[in-house]
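Given below, in the form of structure tokens, are the structures.
Look at the two complexes coming up: chain A is in both, with chain B in one and chain C in the other.
Up next, the complex of A and B:
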């Protein structure tokens, strides 16, 4: 069953078709990869889906417990509340906040906010605090961040920051998590750790994962289905084995005129 | 030496007022990078509200202070909603000019509706003087410093130890990323204006009590001085604004004490110029490098 359906989605920047008539679907529990040469429009597509950039035309539908919801035109914070979470190609943590606060900032929509209960320290505050504290501790354990929980996120090593960013996305209790080049700038050891982490998102957190990645061994090993984007157009879709043999994909990566 | 300590007491009292105002500037700047030039006028409205409820309903100081804070907070949020929110995605200069417009609107609106004359602020608290080793301190001065310190500690607790505060700090670092983890920025920005304006309202009532006189233009000069205080402390930094406020208050008092009363405002602006040249990020501000 399709969790997310994208129909004829387009985005024009001036005269440039950054994303043109893209159709795709993501089923619940799937791990889908989105690949393509630099400048193909992958990040733009993520921006359209998460509401950062308004689309020119098209339709995006999310299946929720209460039926189908159209996402286009909604604000990013509302889309996040509906269950779409993401990370960024260049890490965008709340650098001056501790790791714990980074995670808790991402949980604000998961409980009822009552500022006066909070400053007056009413019983409702302690109840909520126990709940949020429990969620946070569990996430810190799952992502192996307990030791750095009280350090400022901006001061952590690169690989750890990536982990915090994925944990922060998971803290919003999403249905789908979009990872934008999570392995960029990682050494092989860190990439292996990342792979385990992505597996964990699916098994332990029951998340659907959409992955943009240039590390092909990671993509081919993890993804069940792959979409290939080139010059804003979806040029191929299929299993890793199919994609590796697809002439259009090979042409896109190696340049036109190459016959496989 | 006595004169010195006497001036320190006077400077700290005045500095408390500037610090309360500077906090509002710095918080709003930290969140939406806007210098809210209407902030000094919210302080004026706070003072007028205190004047009104004390004269009309004969409430005591505590009620006047708390209700002025509530009214100012609501006013701040309404101004944000009507004047700044529609300009959220406009160039920064547009919002800045609008802030100046809002400031003139409040000043002249108050003059138009209630008259531009100076009023005597009702003295709800009988003045008492205490003298220690030749240094005189009034109960009003003690009250100003105490209220300011309590509010500053309260603010720090809200920002550092509540969920709203965490969300505020998150939005200040990266608004777009905050939206993408489900934080509604409008909610947070409105809350920030409310907090800052409540502090300005409190400062208005305190200054009424201290100087005994209020008028619709009373917010102009203190507003600008508090802005200087925020810049001196490092705009965007909450402890910086508090320190900057006390420094500006002390500076102004000392310039006056050495017989240069006529130059007290000039001294504050000279400090602004020097800080901008020597230490553009302010005392506690971080020097953020623009990413290339």
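Up next, the complex of A and C:
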């Protein structure tokens, strides 16, 4: 069953059709990749789905336990609360906060602290902090970040920052996680680690993953289904094997780049 | 005993010890009326500046309108204590001032907190100026002449207790769910929204909280100085509070304490230099900003809990050695 359904979604920047009449769907538990040449509109599509950029027209529907919810027009924070988490192409961490605080900041909608309990340090406050501390410790362990938990996120090596950003998205307890070029700037060793991490998101966290990636070996090995975007239009959809043979895709990449 | 309880106890002991120390120094005459006055001024500035640091340092909103909220507290107290000239009247006026300041903060905050950086600074400065102009033209506030003969309902112990209370309130707020949300917004608003934090709501929360503490500072100012006028709450007052925050370190409550004390002492010590005072004062500020642009303490905070835990961790390793 489709967890997320996108119908005729469009975004124009001035006269430019950054995303044009895009239809797509993501099923629960799937790992879908979104590929396309530079400037195809992949990041813009993520921004539309997560509410960062308002859409020009179209429809986005999320299936929740209490029925179907239209996402367009909602605040990004409300969309996040509904279970859509993301990372950014240009890493956006809370640089001057520790890794631990980065994760905990992403959990604020998962619990409530009474104002008076907070400022008077009532037992209720310590109870909540212990609960959140427990969630955080578990996440730090899962993402192999325990050793850097108390360091400022902005001072970490690039590959670790990417990992923190994915952990932070996971900290929101999402249903779908959108990863925008997580392997960009990683060395082969880090990319291998990333691949394990993405698989972990699906197995241990039971998440649905949508992945934008230029690293074709990563895409072809991980994705069950691939969407191809070019000049804002969805030009192909299919399994990795189908996509690699698709003439429209090969033409879009000018014969290069789409190899496993 | 857990580190958090130990730390809380040590802070409490320090606060009580500080109280007795000042008390003793007054009794033996080391602290004269002049120095006592300086200490109270420093205390009120700490109350005002920690609230501003919450807004600027923790939520990252560059507000230049703090004096407006201070004026609301001061006038609420001046007006109410005219009718009820006793301690009860003072505390009532303190509460009324806080509530009005918080309501006004909501009204000002909703449209202005959407703005960023310099635009927000100008908008909040304008809002504070509107508050001042309104006070300047009302009958109940006695217009530009101001209000005098305000009953002396606060002395140094009152201010001391309020410094402790407001600091505790702000520090605890900053180290909780709320504090993590507002600091995340300061660091990256788009990323904060993407993890479920509503920036408007949390920026407003910090702004309203800062306004409430400014009103407390204003109330204390009114009953201590006993004379207030609209001109006391102009842009220069907002800027002097900003200077304390920036000098101490944006985002460091410890820094705010240090800067308020350093500037308070400097200001008093320079009084004998007359007009030259402002020049030396400005020069000192420029020098500190040139050599330590992040403020005296940067983002550093003293943490007794941290000290205890470090010590505790050390003990832990010795214990495991013994087991081996």
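Just so it is clear, the second predicted complex is superposed on the first by the 254 of 260 C-alpha atoms of A that agree within 3 Å, B and C clash if a C-alpha of one lies under 4 Å from a C-alpha of the other, contacts with A are read in each partner's own complex, and residues count from 1 in each chain.
The criterion applied here is as follows: a contact is a pair of C-beta atoms (placed from the backbone, for glycine too) under 8 Å apart; a residue touches a chain by one contact, two chains touch by 3 or more.
Predicted model only: the values in this text are computed from it and were never measured.
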- Message: Following the superposition defined at the top, how do chain B and chain C come out on chain A, clash or fit?
- Response: clash
- Kindly classify A:121 by the partners it touches after superposition: chain B alone (first), chain C alone (second), both, or neither? second
- Query: In the superposed arrangement, does A:45 touch chain B (first), chain C (second), both or neither?
  - Reply: neither
- Query: After superposition on the shared chain, which partner residues are touched by A:85: those of chain B (first), chain C (second), both, or neither?
  - Reply: both
- Query: Looking at the overlay, what does A:176 touch: chain B (first), chain C (second), both, or neither?
  - Reply: neither
- Between chain B and chain C, more residues of chain A are touched by C
- Overlap of the chain B and chain C interfaces on chain A comprises residues 50, 52, 75-77, 80-81, 85-86, 88, 92-97, 101-102, 104-106, 108-109, 113, 115, 118-119, 132, 168-169, 171-172
- In the complex formed with chain C, which residues of chain A make contact? 50-52, 75-78, 80-81, 85-86, 88, 92-97, 101-102, 104-106, 108-109, 111-113, 115, 118-121, 125-126, 128-129, 132, 168-169, 171-172
- Can you check the complex and tell me which residues of chain C touch chain A? 4, 8, 168-169, 172-173, 176-178, 180-181, 183-184, 187-188, 190-199, 299
- Of chain A, residues touching chain B in the complex: 50, 52, 75-77, 80-81, 85-86, 88, 92-97, 101-102, 104-106, 108-109, 113, 115, 118-119, 132, 168-169, 171-172
- Interface residues, chain B side, partner chain A - complex: 157-158, 162-164, 166-167, 169-170, 173-174, 176-185, 191
